[in-house]
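Take a look at this one; I'll ask things after.
Chain lettering (A, B, C and D) follows the sequence in which the chains are written, and residue indices restart at 1 in each chain.
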Amino acid sequence: MPDSLDAAMQRLNSSVEVDSELWREDIDGSMAHARGLARAGVLSEAEAERLVDGLSAVAREIEAGGFPWDPEKEDVHMNVEARLVELLGPLGGKLHTGRSRNDQVATDLRLWCRRRAAEVVDALDSLAGVLLDRSTRELDTLMPAYTHLQRGQPSRLSHHLMAWQEMLFRDRGRLVDAVARLNECPLGSGAVAGTGFALDRAGVASELGFERPMRNSIDATASRDFLMELASALGILAVHLSRIGEEIVLWSSQEFGFMTLDDKFSTSSSMMPQKKNPDVAELVRGKSARAVGALMSLLVLEKGLSFGYGRDLQEDKRPIFDAFDGASSSLRALTGALATATFHRDRLEAALYGGHLCATDLADFLVLRGVPFRDAHALVGSLVRKAEESGVEIGELPREAMTAAHPALGDEAVLQVLDPKSAVERRTLFGGPARKTVEAAIVEARTRWAKAPR
Amino acid sequence: MPDSLDAAMQRLNSSVEVDSELWREDIDGSMAHARGLARAGVLSEAEAERLVDGLSAVAREIEAGGFPWDPEKEDVHMNVEARLVELLGPLGGKLHTGRSRNDQVATDLRLWCRRRAAEVVDALDSLAGVLLDRSTRELDTLMPAYTHLQRGQPSRLSHHLMAWQEMLFRDRGRLVDAVARLNECPLGSGAVAGTGFALDRAGVASELGFERPMRNSIDATASRDFLMELASALGILAVHLSRIGEEIVLWSSQEFGFMTLDDKFSTSSSMMPQKKNPDVAELVRGKSARAVGALMSLLVLEKGLSFGYGRDLQEDKRPIFDAFDGASSSLRALTGALATATFHRDRLEAALYGGHLCATDLADFLVLRGVPFRDAHALVGSLVRKAEESGVEIGELPREAMTAAHPALGDEAVLQVLDPKSAVERRTLFGGPARKTVEAAIVEARTRWAKAPR
Amino acid sequence: MPDSLDAAMQRLNSSVEVDSELWREDIDGSMAHARGLARAGVLSEAEAERLVDGLSAVAREIEAGGFPWDPEKEDVHMNVEARLVELLGPLGGKLHTGRSRNDQVATDLRLWCRRRAAEVVDALDSLAGVLLDRSTRELDTLMPAYTHLQRGQPSRLSHHLMAWQEMLFRDRGRLVDAVARLNECPLGSGAVAGTGFALDRAGVASELGFERPMRNSIDATASRDFLMELASALGILAVHLSRIGEEIVLWSSQEFGFMTLDDKFSTSSSMMPQKKNPDVAELVRGKSARAVGALMSLLVLEKGLSFGYGRDLQEDKRPIFDAFDGASSSLRALTGALATATFHRDRLEAALYGGHLCATDLADFLVLRGVPFRDAHALVGSLVRKAEESGVEIGELPREAMTAAHPALGDEAVLQVLDPKSAVERRTLFGGPARKTVEAAIVEARTRWAKAPR
Amino acid sequence: MPDSLDAAMQRLNSSVEVDSELWREDIDGSMAHARGLARAGVLSEAEAERLVDGLSAVAREIEAGGFPWDPEKEDVHMNVEARLVELLGPLGGKLHTGRSRNDQVATDLRLWCRRRAAEVVDALDSLAGVLLDRSTRELDTLMPAYTHLQRGQPSRLSHHLMAWQEMLFRDRGRLVDAVARLNECPLGSGAVAGTGFALDRAGVASELGFERPMRNSIDATASRDFLMELASALGILAVHLSRIGEEIVLWSSQEFGFMTLDDKFSTSSSMMPQKKNPDVAELVRGKSARAVGALMSLLVLEKGLSFGYGRDLQEDKRPIFDAFDGASSSLRALTGALATATFHRDRLEAALYGGHLCATDLADFLVLRGVPFRDAHALVGSLVRKAEESGVEIGELPREAMTAAHPALGDEAVLQVLDPKSAVERRTLFGGPARKTVEAAIVEARTRWAKAPR
């Protein structure tokens, strides 16, 4: 009797504005439940068929738009059922036999999450595809590898893009694991303690694509760890995308000048006519904040809740909807942006010369001549300071200075050691930036993504 | 040129679905800006007047409903301006002189927050009013004070309700402080480095009810600590309301049986015909999760952002809107629920008898007879264990047992000491639960709330 | 040269107070690296052996206590290496060849997390063992199943405890999945772009029990999603434990009176001599706050970080250490508390009588006589209101009132329907609370836990 | 009787490792309480004096180091009291009369927070001092103002540093407001419902520097919003520092080259001999993650807690300690780093030439010649695109191109308009970057900080 509620309570109580998002899953679940009631002998075959037809009619009405969602009917479940009763008369009132909104909404949410997670996995696959393609195309583009945003060692752009790809592969794994864990059917759990009707739980679960019915009716209706787990996976993904976004923003600055986004992914300023801003990257970075907030909401929501279902759980929907929406839109936009961006090879390679990128190589060279690494590190460090004082790169120090530091540094081979382009190709170790190593990594990754479970 | 954006980017980029919420403040700010441009000599008086009239017309259109918000025009600012240009022709294009969306949106948000914070302060005042009224009405209702959800000492319901009131008073203070701090006007800061036009910043600020113009154009456009601070104040408030909600849920249980919510604030079950659930309290508790998530979003959003404005900040709106909506609806519903709830005096007072609530009083009695408190505490503790073993309350122990423990406990006065109703009235110390003390506290609080700054 | 650092910088910079916790893993990793350097021909076999012996000596010193951890040597890595150089002379300086602290600390952390996660999995297994044992022992203890903390339907204690067990089983799965995903070896990734030395990455990985070397050196040194994922798993676990804690607190209250904790898990009050507080449950509930905070720290930490390693990552340690410590200590204490607690069967069963727990059963009874569920629900609802008005349970209504509502309710069978003890045994559906159903669930769960992957 | 606790419970239960941090405040509070007991007639003057002397002795022992903190005595309160009893005999057992650990720890925490907040305010004042000094010294250093990390408009370094200063001033205000709100004394509230002893609450409060006694004993012992509020203020501050840290990291990169940190605030790499990393800035940025985590812990901790004191609150200490420690160490190190950093004027000013920084000025120029701003913006936008295609700055376009776009652009004055150095000095509007405007802003800020309340 929500129509007798206080107006302020009514506003707090009604959730249909948010949870109507679940209509498709709500109807799918109800169809399976109706058929299950028939198999249990609670309904006749004909009754079940008429209920399924009625539910199809409601689905068509919603799909067509203009369905009269009514906040006074509280939620998606009551709106759909009320319309069903309008269409079918008293028979509509038989649908909810052996069922509660508690097991119903848990089922809807699991179905919805499974569908949306599959979409995000698809979007991840697309982004990975673009990264692998760009890695292939940019195999010959060298650049520094940074630590602390300081130039560190010579590397190549593909190696950097492949690092992004590695992160995303684990993100994909987390989503797939979460879906595997949630793919159990709450229906048949009733409000909290099951039902006396001999429902065909296994059959209903199977019809809805679930692995099995949930094993405990209290847990089935009161637990939302599947939402916390998905929100964690999406939150970590969003943090990863924020890191990619940060780098796109950096690389698009005039100071770095490493890349230019296509106009289709940039926007201008309302005041400054010259601006072309890397908005896509900033928005993706910003979306990570919303994803983390969503996760936080879900954790706080369940903290300290006694069992079984409590009405607090109404508030689980907006956060998980937000988290999925943000992930999908971020991934899709980023995929397009990276597919169409231009990388400026000249600027990337120019950055190899400045910052003594081969200092580690020089130390390693001394190690091969028997100097303990710590001593070699110190010795090269002092050469770097000398070079800095003279405003030159280490390789531009006079030969005498080099020999004075260590006789082996008078060797011709040192020039080669200090050439960034040679240096990167020396790093052929598995996981390193040498051309052939990265090429093999791309091949391996293509296979891995293609074979990854869904 | 958003119409040339990639479709996925378009979805990520458009914010009008969310930020149209700011339309009123956007138009107020534009009117003040137009008048300021006239005072600065950039526009003629007549031009400014026509702009203001045009903006009024747009406001009326939006208020009437059916304004054609267009996602391709990105945001509330561009939608309003585009309509203004339709109405006024090229003159409309003069409005944005010396202004950027960066200072414009910062102004809109500050105005919006100021208005919504005032609403929340009003709602707090109403809730406090109800608490003070109920405290007065329930002055004679005794109950235990709990710690660790164990019965601790005798107290009264009014004293408990007044504890809630104290928390809420500090919540009010935080909101008022936050508004005082944010009440500065960004307009005139332009995109980031001000403008060459000699705008009348002080006049514009004053017209919009701001204390002063902001002092630094970079800070004015890039800082959102006013949102973080408000979200903190609202988050703490929400946590406080969750504690009240928790107690209403507990007290409404059959086990406590301390109160019954009015039917206008309870709902039933779709499966269990007998259910009357304390949904209002659970929803309020649940909303706290959303408020904490909103705060988290805002903190994460700004973490590590370089200055000035970055597009990440688009994502600041939904969280702050959510936080205010949750606070308002929670407060309004809780106010009604507490105004109409029934407290069950018999159940509350019955809880005084069980749990040896006067054990502390007995120890204090011994202290007054010279026993150091620690020893008195230990002695009474052993009497409690003895009583527990016999399944009686401490006051029901045989007199010999008492005297054996300490001669003073044979005293007649001990009966009085162990009477919970006397015990509560002994606690006349400032801040305690004695009737007259609480009565004075109610009087003081009424004055304090009435005089509190807005 | 940290000794030349500013004092304030020194305080910010030194991490040894926290990261010395990693000493064992640091030394294990160094031993494997030393042997790998020998296989790569960078060190002689004899040198590697002496390094390993030296590292063993350092390990023994640390284990014995009193190792002179020195904040000026910054971190655990430099402290250990400095001591090694003291012991071995220049040879000690060869250990760091082809390695950076960036791949070193990533390796240490992965090893440490793997070890601690195994401990938490053990602790989960123990807690599940206790829950399964108590479920078996309490098979005959009936109690209401609650929703909204209102009595809902008849159930049994074992069914409730088994709900807890289900949640924990998924927690276990998340930890195991996380460990499987992190079990890759960063060593050989150097500072960011690998190394020119032909290290035996696969051999080192295998010696340390890793599945494989990490595939990309930038990712290996800059990514911490394994920490975010573990903190998520631990955060969700902690939220689950907070729910169990909440119920123990409720059930230990005088009002519920469902259970009593053993004295070994309760504490008293410094002021109130009679108090016996369910501290273990409150502390476990409180620890969830720390776990959620730890997760948030890790998410915020990496938000917006560019690649590769940044010094921000120093701050990843305390949160993950806290999260693991909290999980271990909570699980261990809760396991003991539940193993030794007393459940009060009389109080639990008494709660079945009060709250019309069989109202759903009565509606179902009418459904079996052809009344659509919605109508049956409404009809029983009005009977409940009638009973409430008369202050009786629904089964105590006069027969005429029942028959007036629906002829079938005059049936003798209705008495059986309204008996909570019969009602619970009717719920034999998979996942429900009937005795034989729960018994089978316990058997299944025992097998499942025993076979679960480590 | 903690010595009879289960070992696992003991570990969970003992807090002395953390809360011994409160020893000084614990002893101060006890001294005031002892004197108050004397004024209430509960102790003799002589007894109170001996207790105060005994407490002084304990304080000296702790200060000297080596105080035998004993985890079996649970917490700081019991450790101090136990030692007092050792020193004074039974008299020590009188100290806790009319007091509970619940009001005691609330008092300790408020005192501790007040002290630490004053330290952070001091540290903020120092950092502001450095910023104001550097702003004065760098008044003639021009640089671009950025939005979206793209060069936007000409500005000056001092204007940027003053933006940081503005943020920090509001951070200071939040801390001062929080301290004003928390400065009330819980003592006299007992465990939850006060005490029957006629304690001199006002006198004790005043002796401890509190504004007044707290008004409600339940609120006084169960509320921790002062911690949430402080953690919010510190969290926002930390986010602000993370933004400053981000900019230092950017500006220290080879690509920006805007600044160099002094060696006392940089560190090197264990592998790469040439590295000089901006660790101070990264650590400050990283600390923000911990601060946000601490805030979240405190919010989650209190979510859904019933009144009064619950043991969950033991977990409030580590987060608030962490938050204060992080703020202090970050501020101190950043102050030193900014005082000693070198700004590279040549690099900063060179960045003015590139990015068409005066495009807005050109549009404004057209506005002054009657072109509506939107049209002027579009016209200049197309000139920028033309310049970009030719690879020149807008000012380098041939005069014909300019005149063709708009006749007024043939004007000589345009050259002046397009000169960044002139452009910045045109922005004399309050809050803008012109030299004299910034100079006045520095003067105003110096006064404001000096006069700000403590």
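Following the convention adopted for this analysis, a residue touches a chain if its C-beta (ideal position, glycine included) is under 8 Å from a C-beta of that chain, and two chains touch if they have at least 3 such contacts.
For clarity, every value in this text was computed on a predicted model and none was experimentally measured.
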item	value
Intersection of contact partners for chain A and chain D	B, C
Pair joined by more contacting C-beta pairs (A-B or B-D)	B-D
Separation of mean Cα positions, chain B and chain A [Å, integer]	33
Centre-of-Cα separation between chain D and chain B, whole angstrom	23
Sites on chain B at which at least two other chains make contact	96, 102, 147-149, 152-153, 190-191, 246, 249-250, 268-272, 277, 279, 282, 285, 288-289, 292, 295-296, 299-300, 303-305, 310-311, 360, 377
Touching residues on chain C, where the partner in the complex is chain A	42, 85, 90-98, 102, 145-149, 152-155, 159-160, 162-163, 165-167, 170-171, 173-174, 177, 181, 188-199, 201-202, 213-223, 225, 228-229, 232-233, 235-236, 239-240, 242-243, 245-247, 250, 285, 288-289, 292, 295-296, 299-300, 302-311, 360-361, 364, 367, 372-375, 377, 423-424, 426-433, 441, 444-445
Chain C-facing residues of chain D, complex	1-2, 4-6, 8-9, 11-13, 74, 77-78, 96, 99-102, 190-191, 246, 249, 262-265, 267-272, 277, 279-280, 282-290, 292-301, 304, 310-315, 318-319, 322, 329-330, 332-333, 335-337, 340
For the chain C and chain B complex, residues of the former touching the latter	147-153, 249-250, 252-256, 268-279, 282, 296, 299-300, 303-305, 351, 354-357, 359-360, 362-363, 377-378, 380-381, 383-384, 394
